[in-house]
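Shared between the two complexes below is subunit A, which pairs with subunit B and subunit C, respectively.
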Partner chain A sequence: MGLLFSIFTFIILLAIAFIGAYVEGLHYLFGIVLPYIAFAVFIIGIVVRIIKWAQSPVPFRITTTCGQQRSLDFIKQNKIDNPFTGLQTFIRMFFEIILFRSLFRNTKAGIKENKLTYGANKWLWLFSIVFHYSFLIIVLRHFRFFTEPVPSFVPFIQEIDGFFQIGLPIIYLTTIGITVGLLYLLARRIFDNQVRYISLASDYLPLFLILSIAITGILMRHFFKVDLTPVKQLTLSILSFQPILPADVNPIFYIHLFFVCTLLIYFPMSKLVHMPGIFLSPTRNLANNNRAKRHINPWNSDFKMHYHTYEEYEDEFREVMRDVGLPLEKEEKNVD
Partner chain B sequence: MYDGWKIILGIIIFLVVFTIPLWLNIANKADTSIPELVLPTDYKECIAPRDYMRAYHMDILDEWRDKVVRQDIRMFKFKDQVVEMSLTKTCMKCHDSKQNFCDRCHNYFGVKPYCWDCHVAPEEVKKKFATREDLNRLNEDTENNNSVRR
Partner chain C sequence: MSIKMTREELAASINYKFPKTNWMDTPVVFKKGTYNNAAVPDSITYVNQPNPRKWQPYEDDWKLPENWQTIILEGLRERLHKFRSLKLFMDICVRCGACADKCHFYLGSGDPKNMPVLRAELLRAVYRKDFTTAGKLMGKIAGARELTFDVLKEWFYYFYQCTQCRRCSVFCPYGIDTAEITFIARELMNLIGVNIDWVMTPVANSHRTGNHLGIQPHGFVDSIEFAVDDLEEITGIRVQAPINKKGAEVLFVTPSADYFGEPHYYTLLGYLALFHEVGLDYTWSTYASEGGNFGSFVSHELMKVLNAKIYAEAKRLKVKWIIGGECGHMWRVLHQYMDTLNGPADFLETPVSPITGTKFEHARSTKMIHITEFTADLIRHNKIKLDPSRNDHWHATFHDSCNPARAIGLFEEPRYILKHVLNKFTEMPDNTIREQTFCCGSGAGLGTEENFEMRMRGGFPRANAAKYVNEKYGVNVVACICAIDKATLVPLFNYWVPGLEVAGVHEFVGNALVMKGEKPRELDMRQQPLHGKEEESKNV
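Our next item is the complex of A and B:
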């Protein structure tokens, strides 16, 4: 169901992309207006999201721990997996973000000789780290279209990424990485019964979107080669707030750009917000010091909580309670 | 808002990282004009139409390289003449300046083609025997090119 719905949505998006790419009158809308809207929605959407998250109180530490917590002096603490100080928590977060450590602990349940067993399952970690880093490097490589002169890190990244000099233009390792990574993530949702059962349309759609961005990019680089000069003129002019619409931009570029814009708009309202969200995951970013420090529930002070005590309760219902013969702590004689 | 300063710091980092091209373009006073190529004056016609050459010239060079180096096919027919498949002898006979032609776009896009790992641009070997001065100039040029690229 989810798969069909997101395929349907994707086909509609693809149709819009084609209309935008091949109807010349719409180029201004799709080439200049839409990117600005998308960028604004992306930035504002994410800031709003973060502020909304930050408004949720964190009454106490809900750390998931994967090691010995700080205890007596002669018991060795696992400082990264069970942090006690801010610095240790920072280190845990740092490795979580750059190495996906919690995903590395991913296990798979299975039945072996009539027993339920949990085995290591590193494939998800492997393909997702390949995908994420490929995506990051691809975005950084795109800085050659964003600024003039091209920042010095771009040729450096290109050289490493194209180290094997396969084909011309050189096929980048990240091109293969992002495609293989995305195909694994998609295949996992489609062919693994358990994962398919819990997959929703909103799980498939981001994969389709990013895959279509990757595919259109590959098409432009390796198959239907695009004259890049008007493309860079367009991107550079947008990013320096003096938009120019060159006449001879290849339609494939408009399709690529449309999907990028769709992704940017969709980003703050989809599961993709895990990009800023990972920094705010309470099970990761809180030091496990529940026993050493008192964490006062913020509700108590923020809302000036009024507790309804038994005394007040009895005052409220005294007559009714006496009528049915319930024992009362305080008899007031002049109530009747 | 809880943990106010951490959240605000995070938001500031997010904003800076994701809008960095905008600031770079303001700082560099980005010029949105496209690179100007110095085209040959004595020759009017290339081996393929302009639009094709702009997008696909690397394909032609790649094919030539394979044919010449791997299959020993050195000539191809263009209209009624037989032309050598050679970057330096054919392409650069007309487009005689690497700096004013090839590099203009390649630098604009941060492209560093490995043609020049083996080939030497014609301008740089005009004299038959290089003098010490030439070598110095060559080194300087390469350094300049590198610094332009970086």
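Our next item is the complex of A and C:
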């Protein structure tokens, strides 16, 4: 049901994209107004989301420890998976974000003749890495459209990405990477029973959106061989807040742009906020130095319940305590 | 044991197929043997919690307050403002499924809602309905659903089918901790009096008498004296066991099961022997006679008030620092919550072992160390004499208890001890130990008779790994440092791996410890003939 709904939503989006691309009168709306709106929604949306998260305090230090703690000096601490200092925590976070370290632990459980088995299962990690890095590099490559003069990292990345010099124009590795990565993630959602069972419409939609951005991009580069000069004119004019609409932009570009804008708008209200979210995750970004350094809960005084004091306890049990010879704080007055 | 299925039948009943119906349209069935009894009104009343009444989960009328939905939703709103963890975990799950087959309850039951991701979705769906625009507008298709009585039933069933073990959190790429979600969901249910007896009654007992079992001071004294007698029987030495002694250097706090349960009791004998041998100036307390904290299974506030006694007692008795015994969730509270909730413990001093001089810098704020840290340090400095051959009748493996593993990272300290007090030690497979350890299946208040089938299911992955080393290497005992493990692994192994025993680390220490002036040891802490001695007597 989630899948169908996603496909349905996607078709509507596609239809809108076509209308925007082929109805000339709408180009101003789709080429200029929408990007401004999308960008604003994206930035404001993410900032608001982060502020909302940040407004809630972290009352307890609930690090998930995945290695040996620091304790006695003859026992070797696992500094990455069980960080004690800020630096070690930084390194842990670095590996989480750059290498998806936790996902790398993934296993697949099975049951055979009443015995459980745990196989290594790195596929999700692998394709996830391929997808995310391709995405990142593609975004960076796009800076050649957003900047004049183009910063030097762009041709550098382009060169590495196009290292194998296959096809003309050269097919970038990341073009293949993002497509294959997305197709794997999508196939997994559709055909793996377990993943399908937990999937919501909002899990398919981002995949469709990003996939259609990738496909329209590929079409522009390799099939329609779109002239990029007017495209760059447009982006630069938008970025300098003096938007002009060049006349000869290929309609397919408008479709590409529409999906990008949709993704930007959708981003802050979707699960894609995992990107900023991962930085704030309290089980990962806190050092496990709980016993060395007190963590403060700003609302600790909201706990109003009174604990049962020793005095109350002794009052209740004084007699039996005296009988067994336990020391007492307060002797009863009328002991005979 | 209240289960009719044989282990073969139970194992055969596990499969990982998925129902035809969407999880939102698959209602919960309260099957006997898979859920816990509701809390009795007296216990709820004693700790002043809402809506005490007689009810049971299988009944149609849970006697909820009129406006129970509002109470829960308001409670949720409040907690979203108070816990960044909750708010973040509600928003960032991508449903990648990496956590799905990591939960022992899923592996043992095959019930999709025991996949951590769906367990969390039970709360997330309600969150979406009331706290997100998409959920408000689009409802089910946006993964949102209204908090109805049927949903509440699912909450009760599945949030009391999570042992808060945090294994899922190890594998989640964002560290989403379903245990945190469970904790808060239980707290929400507690607001309308939906909770279980094996949590609330121990909480009430602990509040009143200082321990879960409701043992009163004289009962406590009796147990300790009994243990001193037994130890004398075994070693020929009568040890001192001071209780409520002012001015001792160290306060010792351990779970109450240690002085009332088996095989916990043998660990207690081990503590007594060790403290005597090294001449530790310490005291027990009848008032803080519980290290465990069942409050941590239902509400942060109850956790706080139960935990408060430890520092209060340390202050009253004017000790310098504290040692904590073998217990799992107790140590989660001591390590991750105590200082924040009830600190600062500025009236105590940074723990320094009076025997080795080691300063336990890592505990400089809480002033409380784990018994295995204490003992490992003693062994390292050759301060105790050990004869590991006295444990030759055991071939041990080590079960990492969830909380010391995933909330502290206490992996090597117990292993270091075991390797010095035992000759035969074999690890279970890598995917089932250390941070990936599997729960006993009965933690977080679920260790009841009435929940027996679900416990056997939840403990299946642990039992499976233990069975592997049992069959392949002849392992005959599972060592652990948790009172709940000691109580629940025994029936678990009786069911899945008959003949496999359970013991605390300090039971082996007690066996191996060569005490000054002891009589030749004939018996181990269980008062069973020592291996070898038995053979000898046969040969004579």
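Operating definition for what follows: the second predicted complex is superposed on the first by the 298 of 336 C-alpha atoms of A that agree within 3 Å, B and C clash if a C-alpha of one lies under 4 Å from a C-alpha of the other, contacts with A are read in each partner's own complex, and residues count from 1 in each chain.
One rule holds for everything that comes next: a residue touches a chain if its C-beta (ideal position, glycine included) is under 8 Å from a C-beta of that chain, and two chains touch if they have at least 3 such contacts.
Bear in mind that the values here come from a model prediction, so they are computed numbers and not experimental data.
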Look at A:V58 in the shared chain and tell me whether it touches subunit B only, subunit C only, both, or neither; answer first, second, both or neither.
both
Once the shared chain is lined up, is A:P169 touching subunit B (first), subunit C (second), both, or neither of them?
first
Counting only touches as set out at the top, which of subunit B and subunit C does A:S152 meet: first, second, both, neither?
first
Going by the contact rule set out at the top, does A:G2 touch subunit B (first), subunit C (second), both, or neither?
second
Residue contacts on subunit A - larger count, subunit B or subunit C
C
Touching subunit B and also subunit C: which subunit A residues?
54-58
Subunit B partner contacts - residues on subunit A that touch it in the complex
42-43, 46-47, 50-51, 54-58, 143-152, 154-155, 158-159, 165, 168-169, 225-230, 232-233, 236-237, 239-242, 244, 248, 276, 279, 298
Could you list, by residue number, the parts of subunit A that touch subunit C in their complex?
1-2, 5, 49, 52-72, 74-76, 78, 81-82, 84, 96, 100, 102-103, 105-111, 114-116, 118, 124, 128, 192-203, 269, 271, 273-274, 277-278, 280-284, 288-297, 299-300, 302-310, 313-314, 316-317, 320-321, 323-327, 329
Can you tell me which positions in subunit C touch subunit A when the two form their complex?
8, 11-12, 14-18, 22-23, 48, 80-88, 91-98, 100-102, 107, 112, 115, 117-118, 121, 132-134, 141-143, 166, 169-177, 180, 207-210, 216-218, 221-222, 243-246, 286-287, 300-302, 304-306, 308-309, 312-313, 316, 335-337, 339-341, 343-344, 358, 360-366, 368, 373, 376-377, 380, 405-413, 416, 429, 431-432, 434-436, 460-461, 464-465, 468
What residues of subunit B sit close enough to touch subunit A in their complex?
1-4, 7, 10-11, 14-15, 18-19, 21-22, 24-26, 28, 30-35, 51, 54-56, 58-59, 61-62, 105, 107-112, 114, 148-150
